[in-house]
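Quick one: the structure is below, and I'll ask about it shortly.
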Amino acid sequence: MRVTVWNEFQHETRGDERVLAHYPDGIHTVVADGLREVLGDAVQVRTATQPEPEHGLTEEVLAGTDVLMWWGHIRHAEVEDEVVERVLRHVHAGMGIVVLHSGHYSKVFTRLMGSTCSLRWRNEGERELVWTIDETHPIAEGVPNPIQIPQQEMYGEPFDIPAPHELVFVSSFAGGEVFRSGVTYRRGRGRVFYFSPGDQEYPVYHHPDVRRVLANGVRWARPRHERRTLTADPHPLGWFEG
Amino acid sequence: MRVTVWNEFQHETRGDERVLAHYPDGIHTVVADGLREVLGDAVQVRTATQPEPEHGLTEEVLAGTDVLMWWGHIRHAEVEDEVVERVLRHVHAGMGIVVLHSGHYSKVFTRLMGSTCSLRWRNEGERELVWTIDETHPIAEGVPNPIQIPQQEMYGEPFDIPAPHELVFVSSFAGGEVFRSGVTYRRGRGRVFYFSPGDQEYPVYHHPDVRRVLANGVRWARPRHERRTLTADPHPLGWFEG
Amino acid sequence: MRVTVWNEFQHETRGDERVLAHYPDGIHTVVADGLREVLGDAVQVRTATQPEPEHGLTEEVLAGTDVLMWWGHIRHAEVEDEVVERVLRHVHAGMGIVVLHSGHYSKVFTRLMGSTCSLRWRNEGERELVWTIDETHPIAEGVPNPIQIPQQEMYGEPFDIPAPHELVFVSSFAGGEVFRSGVTYRRGRGRVFYFSPGDQEYPVYHHPDVRRVLANGVRWARPRHERRTLTADPHPLGWFEG
Amino acid sequence: MRVTVWNEFQHETRGDERVLAHYPDGIHTVVADGLREVLGDAVQVRTATQPEPEHGLTEEVLAGTDVLMWWGHIRHAEVEDEVVERVLRHVHAGMGIVVLHSGHYSKVFTRLMGSTCSLRWRNEGERELVWTIDETHPIAEGVPNPIQIPQQEMYGEPFDIPAPHELVFVSSFAGGEVFRSGVTYRRGRGRVFYFSPGDQEYPVYHHPDVRRVLANGVRWARPRHERRTLTADPHPLGWFEG
């Protein structure tokens, strides 16, 4: 299983100290380490970042990626449309994608959803409890119910997403808000998992239960079939009788 | 619109003082008053209770009911199977049903769901916040987001229900738990709405926002078509060509 | 209720005789006439076409439109991105949209779906039977089950759309294929209905049952709330406690 | 993986010749052979029939069953309620179930669905085409799209089931009807797959593609977690903080 962890890599490179305290080499490196920690030899992880040419997501990279993870926050608008289209094309053809936290507002995720993906938010370092709704879902395997995250940015409903294929997690925050924090979708031949915990200011991607969820999410999103572009082809009468 | 509010009517008749403080004439009378308050002349409300013959739910009563509301708690097992079948038959033929709070464990609701409807719970009089997930849903019309209920029994996930047709409300509790507190289903030709706020020990059915939700729920669940029993009938080749 | 029927208006203006035989003044005029025939004074219908400036879909026109109907086929790529974004913004804010037939491949629809919307097809003038799956759905009101369309282009599964919110119609074709021909979605605050019958070469939009479905679809898709742009706003702790 | 194939075993034992021509030792033996043929050593198959004590479905048998397959037709009413409850209890706790053809009207399936499960039908030995809607679904793996069944009983919409979790197959029949012939559900911790092809009068369970679907269905429905009965337990404040 080949995973590419993508990061916009802005908070870190501009020297935001609260971010560097937890992610000195970038959020992507910590997410990647978490996958390796949980999945071991079952996974090959590489990383890619927005400042690289083509944002590090060339046709070759995507063709060699089973699951793409996406973290972005303050540079969504600068992601090139051509790369967005390329990512969408690969998802539709079968590549899995796991979108993280503020990636809800990325071009890629809003294009997959077809909605605004707006939400309520507040950054006060509140406790987040991540409740498993569907305890038999493979993404929830091996995590406590609830997962307890001591400090997090609050994301609250209404979250403008289409009704998910599967509602895996719902979070509550110390301030009282709730959020559908783990949701799955199918788009084309690809699987989509969105997981909201993970702000840049808190060590959320070091949290062992969060790492477990991300590893489960990657396993769940991996393609089971060959990648194939879907097209609208004509079919003569009786074509299947042959 | 003709509504029948059904109550098991046990807490009140056995003299439970905490219940009688809020519902001296029974929970059903307060729920019925709430519907009249919000819907006025648009609704005719009658009540029925478990101690009555046939639990007050004769064929005639159900045939004259557009929407049935169901409140039960400690006498689920004593509800006669024949009456349960009768209610299910009417729901399948088009009668709406609104199931309240501990009615999640009633024979009627578990039969409509096909699952156990189990949940976590705690009765400590905590604050419940009822968040609207889908702000355009007619059941959420005219209520604040969130509804604030000062004291409530906690109902928590995992709630063993089938994934709802529509997820309208999710609650959080002061203790941190979350719950899918407002969910809709279609069964046969009938509409089903489950709404969890409403314990017997707290004045929840006097709460103006809760009353609004119940009125909205009744309006949403009302049948738009003639009641009709669904059967499996043979159809000859070309029957539709006329 | 204010409806705008939009047509790419290419087959007609380039003089395609098989199209002009049924739609001498454009498909949009026949669709508009059908709405007026069924809905009478309950609807105000205007039309807009791709050759007009801004494709006839200025901010002013969309602001005054409750439901937009979309027919396009061979000029999808020429629809300006700015107009597409404008339409999406209005759908997300609450405008209803009814997408017709080959509009499945339009920028607007694929952007709302987040998938490729590819399908199988064949144009041999086969009989299409449109079966109602959910007989209580308001879009199916007053139409026979099945609707019989003597001649149609075949659209067949797999149709690459997200699992619909509601599956209203499934069609079969004389050649044996099946198609999810009537599906609903929610996107943002807006309602989306896709209905596949309606090729330019057959008089499908003159068919009384098809006209009934389109009128029902418009009624179903109309907004029930004020149009409102969804944004991600910060909320301080305790903002709702007032 | 331990599978129990259950058959009402009435058509065969009363000497219905058209049935015995294809199923001389009972439908269950042919279904069981099909599973062994496709799954080989990965599966242990046993059978149980309605005439046996407790219908062959003792607590011990169910406790040792990962997936139960259910075929019944003319003796649904004679299935003992106690056995039905036992089966439901095991499904809710995690046992998978695959319901076949006329099993749509069984007590077990209608209880899992909560609806009438009525449908249209005709037995004229028509060609059925089974179209895959979701080509990436594991139940559709390795089968042609469409599967062609030369002779079948027609089952037609409207099929009164709750909207499925996943719509895997839709069939068309030579006479023009359509049917959601492969649908999945989750109930409690258990997975449910209904597959309609398979009348007693036609050799459908000898068809290699149908056998593949049944084997896929069994694999999909198998439990991934320990069997566990869901109950409603009280939880004190802060129980999860440990």
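A, B, C and D are the chain letters, set down in written order, and residue numbers restart from 1 in every chain.
Everything below uses one rule, namely that a residue touches a chain if its C-beta (ideal position, glycine included) is under 8 Å from a C-beta of that chain, and two chains touch if they have at least 3 such contacts.
Treat the numbers as computed from the prediction; the structure is a model and nothing was measured.
Chains that touch both chain A and chain D are the following: B, C. Looking at chain A and chain B, the chains that touch each of them are C, D. Two chain pairs are in question, C-D and A-C; the one with more C-beta pairs in contact is A-C.
Interface chain B/chain C: over half of the residue numbers present appear on both copies, so the contact uses mostly the same residues. Put simply, the C-alpha centre of chain A and that of chain C have 32 angstrom between them.
In terms of their C-alpha centroids, the spacing between chain C and chain D amounts to 37 Å.
With touch defined as above, residues shared between interfaces to two or more other chains in chain D number as follows: 129, 134-135, 146, 156, 163, 176-177, 186, 240.
Contact topology of the protein chains: fully connected, every pair of chains touching. If you check the complex, the residues on chain C that touch chain D are 127, 129, 131-135, 145-146, 156-159, 163, 166-167, 170-173, 176-178, 180. Considering their complex, residues 94, 129, 134-136, 138, 141, 144, 146, 148, 186, 189, 224-225, 240-241 of chain D touch chain A. Taken together, the chain D residues at the contact with chain B in this complex read 92, 105, 111-116, 118-124, 126, 154, 156, 160, 162-163, 165, 175-177, 185-188, 230-238, 240.
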